[in-house]
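Each of the two complexes below includes chain A, the first together with chain B, the second together with chain C.
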Partner chain A sequence: MTGEFFAFFILAICAIGGAVFMIHFDRVMHMALSLAFTFFAIAGLFFLLDAEFVAVIQILIYAGAVSILMLFGIMLTKHQEKEQTFTRTKLHQWLSFLFALGFLAILMSVIYLAPFTLPAGDQSLYSVNKLAEQLFKSGYVLPFELTSLLLLVALIGSIILAKKEEKE
Partner chain B sequence: MQITSYLALAAILFSIGLYGVLSKRNAVIVLFSIELMLNAVNINLVAFSKYGLNPSVTGHIFSLFTITVAAAEAAVGIAILLALYRLRGTSNVDEYDSLKDESDLQK
Partner chain C sequence: MDWLFYIIGPILLLGIMLGFVTYAILFERKVIGWIQNRPGPNQVGPWGVFQTVADIFKLLTKEDIVPERADQTLFKIAPIITFVPAFLVLAVIPFTDRIRFADLAVGLLYYMAISSITTMGILVGSWSGNNKYALLGGMRSAAQMISYEIPLVMSVIGVVMSAHTLNLTKIVAAQNEVWFIFPQLIGFVVFLIASIAELNRTPFDLPEAESELVAGYHVEYTGFRFAFFMLTEYAYIFAMASLTTILFLGGWQAPFGWTFLPPLIWFILKFAVIVFLLFWLRGTLPRLRTDQLMEFAWKVLLPLALFNIFLTAVLKEVPWIQTFYR
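Up next, the complex of A and B:
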């Protein structure tokens, strides 16, 4: 039992636990908070995989920005304090549960059938310097700039969409 | 440490997100579950960049792009949700049925 395995085990329990509690809670606010906890645990897993930069970005964007955005979304809309399940049917819940379970079973069987026994990459491969070198010196510059354009369009688009329309 | 355990974790998180999308009623929670699914994919990308056939930082770059696009998607999604909420006065996904056939609605 190495330290890495132990850390992975704890973080995986945290991630899955947060997600399962999201399914299980019935207050909308609690759901959002437990999902934010899951995002923190995933950031820890990125640290474990030698992806420090991605981990920090994960904390900033997901655990910070997206969670706060979702909390604003919850608080700006009127919601039932307790989210009831569909009045329509229990059947819908069961069908979606079975669908998700079947999908998981297929994924798992494929993962455990595939022969992945490759050695881990050397730790010196993964520094922030290497990341920047790869990003800016080998053909990812154009996608990077396009991403900034996408963010600008999303910013303007969401402002226009969410703006109150003037009464005439 | 095997890559299989990371892939299994990502698969479990993806399925939980899928179940959330299919069964939750509040539109914000549905959006949040989509974020969870995207995040599971990010775990796969980063895991393959460490334990894959030729380890390099390319997987990290891909996951950075995914995170950016997911953030933009979340912002636009919330904006659409707010506009829709102003129009319909509800944030329950099963009440957004404007595209449904009228003859169906009257049943």
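Up next, the complex of A and C:
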């Protein structure tokens, strides 16, 4: 019973709880917020694994940027609006249950088949500088640059599309 | 003793921050009063020292009103979501080489990541109150904070390239010969402007432009919930001034080897200069328009920040000059 175990337990419950509430709530704003909470808990799990860089990026991109973008869109919806509830048939429920069960089975089998026999590596070797070296000095430069180019094209494309709408 | 430091330390830091907020508000009102040729607060206590204390007391004893049509839960959580990140970011700030809490390898990124959560609190607070002026203020605030976060992060890349690290302690250590404000002058100017915009202060205080929007995103808030929003703003001044000191003014390092003052005093002196600069700018400049604000971020600050990155990369390779860039 170490502190790490407790921290993992609390963070895992937070992550799962956020996800469950995200499905359970019927107002979009609440859903988006509980999703952000899940992202935050996952960042905490990364911190627990000594993966500081990934954890911080998780907060920056998911808990910060993606969530705020969602909230920004949702803010313009009606205040008291609730998601339409529709009655599910018995067949629908059974089919959903079967699919969920099947997915769980596949997931568990993959986890059990994975060879986790090696002892954990020394985390202190995986610093930010090492990460950068891996990225830029061992042949991943070209894919990295191409990805950034793709993102730039997407950005400019969205600006052009927005400009077009303005003219009409 | 170490564990004691980690328990008492944060509580002490919270106390220091609250003390700073109390007297920063008084100092700000005094400075602006001085700029505008009026005395400023001078009734409560000698020289108005207890003015802010009285103001806070008033806020805390006010009736707590939650609007009937508001989203009750979110309305109550929003001030917490807004304030908590403002205190969390202080965890990575090294005040001296010994007074610091978490020595993260990615301290700088941590600051940027956590501070972006506050925008979420502001958005939730403005939406949950069910008030159109608050909503407009919240939209403006989110748009502004997202836009200015990009030049803010871009402008410090030059510093990271020179210091070869994201760790704030090591960034200070890299400045023992030349402060980064000199080789990174463009970066410093962009950072300063973007940080004022991030702090939602004049001339970028559009989210709470009282002449257009009543009071901005916190229209519906009263009493201690409102106090939390104000506290967040001043807590961020504390954090941002500390960060500016660390990134560009050499942190706790003494200039010209004047080590007769302890490192903490040097830190406080530099920090105070930045805080004064923020108040000075507020007393001097008028407010921008929304469209001017956005154009300024995307068409002036972002290209400048990119140019600074490019310049740093080029000058790092030029003989003699490169000694200033490492």
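Here is the rule we go by: the second predicted complex is superposed on the first by the 137 of 168 C-alpha atoms of A that agree within 3 Å, B and C clash if a C-alpha of one lies under 4 Å from a C-alpha of the other, contacts with A are read in each partner's own complex, and residues count from 1 in each chain.
We take it that a residue touches a chain if its C-beta (ideal position, glycine included) is under 8 Å from a C-beta of that chain, and two chains touch if they have at least 3 such contacts.
These numbers come from a predicted model, not from an experiment.
By the touch criterion defined above, A:68 lies against chain C but remains apart from chain B after alignment on the C-alpha atoms of chain A.
Of the two partners, chain B and chain C, it is B that touches more residues of chain A. In the superposed model, A:2 lies in contact with chain B only, and not with chain C. Using the contact criterion defined above for the overlaid structures, shared-chain residue A:53 touches chain B and also reaches chain C. By the touch criterion defined above, A:150 lies against chain B but remains apart from chain C after alignment on the C-alpha atoms of chain A. In the superposition on chain A, contact of A:111 is made with chain B only, not with chain C. When both complexes are overlaid on chain A, the residue A:136 reaches neither chain B nor chain C. Residue contacts after overlaying the shared chain place A:33 against chain C, while chain B stays out of touching range.
In the three-chain superposition model, chain A touches both chain B and chain C at residues 53, 57, 65, 72, 79. Residues 27, 29-30, 33, 36, 52-53, 56-57, 59-60, 63-65, 67-68, 71-72, 75, 79, 127-129 of chain A are the ones touching chain C in the complex.
Within the complex formed with chain A, the residues of chain C that make contact are 69, 71, 74, 104-106, 109-110, 112-114, 116-117, 119-120, 123-124, 126-128, 130, 135, 138-139, 142, 146, 164-166.
Chain A contributes residues 2, 4-5, 8, 12, 15-16, 19-20, 22-23, 28, 31-32, 35, 38-39, 42, 45-46, 49-51, 53-54, 57-58, 61-62, 65-66, 69-70, 72-74, 76-79, 83-86, 88, 92-93, 96-97, 99-101, 103-104, 107-108, 111-112, 116-122, 125-126, 130-131, 134-135, 140, 143, 147, 150-151, 153-155, 157-159, 161-162, 164 to its touches with chain B in the complex.
Interface of chain B with chain A (complex): residues 1-9, 11-20, 22-29, 31-33, 35-36, 39, 42-43, 46-47, 49-53, 55-58, 60-61, 63-65, 67-76, 78-83, 85-86, 89-91, 94.
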